[in-house]
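Shared chain: subunit A. Partners: subunit B in the first complex, subunit C in the second.
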Partner chain A sequence: MTDAEFLLWVRGPAFNTALFIMLAGIVIRFLEILFLGRKTNLAEARGSEVAGGFRTILRRSVPDMDSFHRSGFTIIAGYVFHIGLFVVIFLFVPHILVFERTLGISWGGLPSNIVDATTVVTIVALLAVLVHRIKDPVMRMLSKFSDYLVWLVTILPLITGWMAFNRVGLSGATLIGVHILSVELLMILFPFTKLSHAFTLFLARWYNGAIAGYKGVQS
Partner chain B sequence: MKKDQTLGETLRQQGVSRRSFLKFCATTASLMALPPSMIPVIAATLEKARRPSVIWLSFQECTGCTESITRSSSASIEDLIFNAISLDYHHTLQAASGSAAEEARDTAMQENHGKYILVVDGSIPAENNGYSTIAGISNVDMLKEAAAGAAAIVAVGSCSSFGGIPHANPNPTGAVSVSDLIKDKPIVNVPGCPPIPAVITGVLVQFLTFGLPELDHLGRPKAFYGQSIHDRCYRRPFYDKGLFADTFDDEGARKGWCLYKLGCKGPTTYNACATEKWNDGTSFPIQAGHPCLGCSEPDFWDAGSFYRSLSTPTENIGKTAIYAAAGGLLAGAIVGSALRGRKQSAVKAHQRVTIDDLDKES
Partner chain C sequence: MSGASFERGYNALKEQIDAPVAAFLSSCVHCGMCAEACLFFTETRDPKYTPIHKVEPLRKIWKQEYTFWGKLGKALGLSKPLTDQDLADWETLVYDSCTLCGRCSMVCPVGNDIAYMIRKTREGMAAAGHAPEGLIGATKRAVTIGSPMGVKLPALQAQIRHTEQEFDVKVPVDVEGADYLCMLSSMEIMNFPEYIGSIARIFKQAGVSWTLSSEAFEATNSGIQIGVSDIAAELVQRIVDAAEKLKVKAVISPECGHAYMAIRWEGPNLVGKKFGFKVVHILEVLDELRAQGKLKLKDRETQKLTYHDPCQIGRRGGVLEQPRNLLNMVAENFVEMPEAGKMNWCCGAGGGVSSNERADELRLKTFARKKAQLDAVNPDALMSACSNCRIHLEEGLEEYHMDIPLLSLTETIAEHLSEK
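Now for the complex of A and B:
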């Protein structure tokens, strides 16, 4: 297989397969949660489920001071790499073209050099959280193989993307091909690992907020 | 013109001044990214070089490669160097035809056995020999026969290098490249549709001066195919700044911004277009406002649409999404129901403990 054929394969059949697995996986995971349902609350409602649900979805993105004092590093590093991932995935023009082609919608991007710098910051933040995970005894004890796997499939597209943009080592087609392949790996594992928090977090927060809202308390 | 004349003698005979010759050597050195100290070496070696016999075979091709060389410019030094090579057989350029032409090929092959350079343009039909024949000889047989006595083979153009357009899906003739058929001779691929004239002559000069050039993983001389169009493109700063033309006639296109969104294959294409340019250094496709098609890469004709950007999927995503949603709904309903069933049986199996149970003495 030449590098041109490899690039065609990752852009064609491989991308289609990864997209199929990711989309079907997301639907399956949602249905799993929804089918389980929730116990009927027989108590009289003291507040709105909807208001509480939405409030918690937003509120949980802002750390409270207590948590910040206890695990400031996790919060800062977490924010850095999440914002970094957002910038890199959604504001790099060649990526926006993928969304335009798949979803039919488009938006403005950032200068490629800014995205390049953000990628480096994101990689550093991800390396820092790995070191923290390994060094902290509690984190280390709680970590399973899947946690390291998830970390790896998250950082791989960043590294391969940075290499493709800066054209390090291999041929242009191979670099882009390897980058797309690493993203496809991420897409395949996305619904079946902790990465699924990207879509389940809204449901989980909603449930927490709605329960509290029904009881008329803040969550 | 005597056969055993050196290149230097031939050039002097044709009235090429020493100054022009050295200028050509300097240009060649810079093309090959060599230091100025190598210019005298090139000059000295070329002067002493015997005019090598060149046999040029054209198979499934459009003559674009030949057109590229002949129309490069009028009487350029490259043309003279090319004339100085003993071009003993070339369908389009030779005066002889029919059996006389084939005789010239046979004679050249016998007289220079083991020493001649074989240039090939066009792909070879491997499916059925009848698809392309010359003087009743199939392309496969002619290539094998000519390759047997060649010192080296230069595959000019994307067709002979990689199969090119005849090789494009569905490849009705089973077209293959020279390197698919010949395994025991050094082969230099000079792809492009067509290749840049100066690159073709440059490769020949490099061969005469330094022997076989250093090749990349696709058999292309690194001196000319070492860098991508993207890396040497004068529009690269616009890519870095995130300034792109969205259509062929928008403000971005008029301002000469990057053509990535319009499907430019510059990032995956290795050729000298951005530096050497065409028509005596006048321009190249991107400079003329059109994205690079990637013509010097294998299977460029089948690499998705010319006008679809490199980062985007090539297949129909809509269908995949519908199938994925349908499949996901079905599988999700089955898995969800099973989980729900487990939950319900767990609820049923739950044994309540009453105060009385706790009071019981065990």
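Now for the complex of A and C:
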């Protein structure tokens, strides 16, 4: 397979397959959760489930002060790499073109050098998060093979993307191909690993907030 | 609890899994932040006390039974199935080192209500026969005698006679058509009978129509703490029957956090129907009387007071403002501990931990967290509104050589009532 053929394959059939698996997986995960249902609460409500649910969806992104003091590193590193991922994925102009081709919608991006710097910061934050996961006794105990796998498939597109942008090592077409392939790996694993928190988090926060809101507590 | 087996435990756990549980378990990113919200971890630094780790048996079953890859893995024999030994290994984590205080549920960044899942995990543990002896004993006494501490009606009647003589008030029993049916906890009857006198005096001054029931006076519910819904429902049904028989408008939960959770929030769901009466906590009743100007005080407490929020009344129950309104009425110098209110730290003995002797050493160790909170404000006295918290707090204060008297909010209000 030549470089051009490889690039055509990753951009064509491989991408479509990964996209299909990701979307189908998201649907399956949502259905798996929602079909389990929830019993109607027969206790007399003191507050609103809906207000509580929406409140927690928004409010849970801001930690309370005690948590901040106790888990500062997790919170700051978490914010840095999540914001970094958002900037790199959604505000890099070539990526926006891919979204435009796939979804038909487009938006403004950031200058490439800013995205390039953000990529480096995000990679550093993810490396720090990995060291923390290995060194912290609680995180080490909680971590399973999939936690490390997920870390790997998250950092790979960042590294390959940075290499492709900066033309490090291989030919441009090969680097782009490898980068797209690493993204496809991430897309395939996205719904079936803890990466699914990106969408199930809204359900989790909703239920937590609704349960508390019903009782008149802000969670 | 009879006929416990692994199969029953497995099925009970499977039945407990609902959409919220699946959403929570799908979202956990293993960040470990819940550990820092749990006093069993903060005071021991032992990773095994990480809250989300305590629901591992439930997570395994969810994965194997309710997820595509888990089911596939199970079918192909790739995943290790849950075993009875797993449940045995988790018993102390689920019962001794969790008070169901729900503080972890407030900090989880993805929004997991971990306490909700631990409560559910207990249903499987109990069905599989892996519940602590102390809680099994308390639950058996609650079913057969009517009280987890084995308190029978004659004991209550004796306390009522004492109260009537001491305070020159009538304590109404089995009065049909009263507005309120007042529930008690065994601890109040045996350890803090002043509570009954306090209620009687306050209600007399405020002109509240109330009664006790000779058939149902125990409001606590060991069935919930151990995680056997059938028994929990039976205990709630006794209260429902008494309330319906006496045709009261509302049932008052005593100064006990888990009793409030049991009858106010879990009760109707356990018995499977809406109540025909309201359930209110005594603090809610008192605050309403305050708002109506029916609590007339002769003087106020002058010493520096702080308030310990019982978890099931505050964070998990929604009664947070009422005690503060009442404290500001009765005390001149009310100060808040750091993180008071919905983020308050548990006393360390709720959720059945106080009935479980095996956990005694651990629960006293975790009291160091409460000590740190108290040291920050250095109060003259500590107030609370849960007799279970109260007993444990008194023990903790003694253990840590802290000379801080403990007061009940209801009793303190009664002591400051004007004579007329």
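Everything below uses one rule, namely that the second predicted complex is superposed on the first by the 219 of 219 C-alpha atoms of A that agree within 3 Å, B and C clash if a C-alpha of one lies under 4 Å from a C-alpha of the other, contacts with A are read in each partner's own complex, and residues count from 1 in each chain.
In the analysis below, a residue touches a chain if its C-beta (ideal position, glycine included) is under 8 Å from a C-beta of that chain, and two chains touch if they have at least 3 such contacts.
Here the structure is a predicted model, which means the values were calculated and not measured.
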Using the touch definition from the top, say if A:192 reaches subunit B (first), subunit C (second), both or neither.
-> second
Mind working out whether A:56 is in touch with subunit B, subunit C, both or neither, as first, second, both or neither?
-> second
Name the contact category of A:47: first (subunit B only), second (subunit C only), both, or neither.
-> second
First (subunit B), second (subunit C), both or neither touched by A:74 | second
So, A:209: does it touch subunit B (first), subunit C (second), both, or neither?
-> second
Partner chain(s) touched by A:34 [first = subunit B, second = subunit C, both, neither] | both
Where on subunit A do the contacts from subunit B and from subunit C line up?
-> 28-29, 32, 34-37
Mind listing the subunit B positions that touch subunit A in their complex?
-> 217-218, 228, 230-231, 239-242, 244, 260-261, 267-270, 297-300, 302-304, 308-315, 317, 320-321, 323-325, 327-329, 331-333, 335-337, 339-340, 343
Of all residues in subunit A, which touch subunit C in the complex?
-> 28-29, 32-39, 41-44, 46-47, 56-57, 60-61, 63-64, 66-67, 70-71, 74-75, 78, 133, 136-144, 147, 192, 194, 196-197, 200-201, 203-209, 211-212, 215-219
Residues of subunit C defined as touching subunit A within the complex | 17-24, 26-33, 35-37, 41-42, 45, 47-48, 50, 52-53, 66-69, 105-113, 116, 264-269, 272-275, 278-279, 314-318, 320, 339, 342-343
Over in the complex, which subunit A residues touch subunit B? Could you list them?
-> 2-5, 7-8, 11-13, 15-16, 19-32, 34-37, 93-95, 97-98, 100-102, 109-114, 167, 171-173, 176, 180
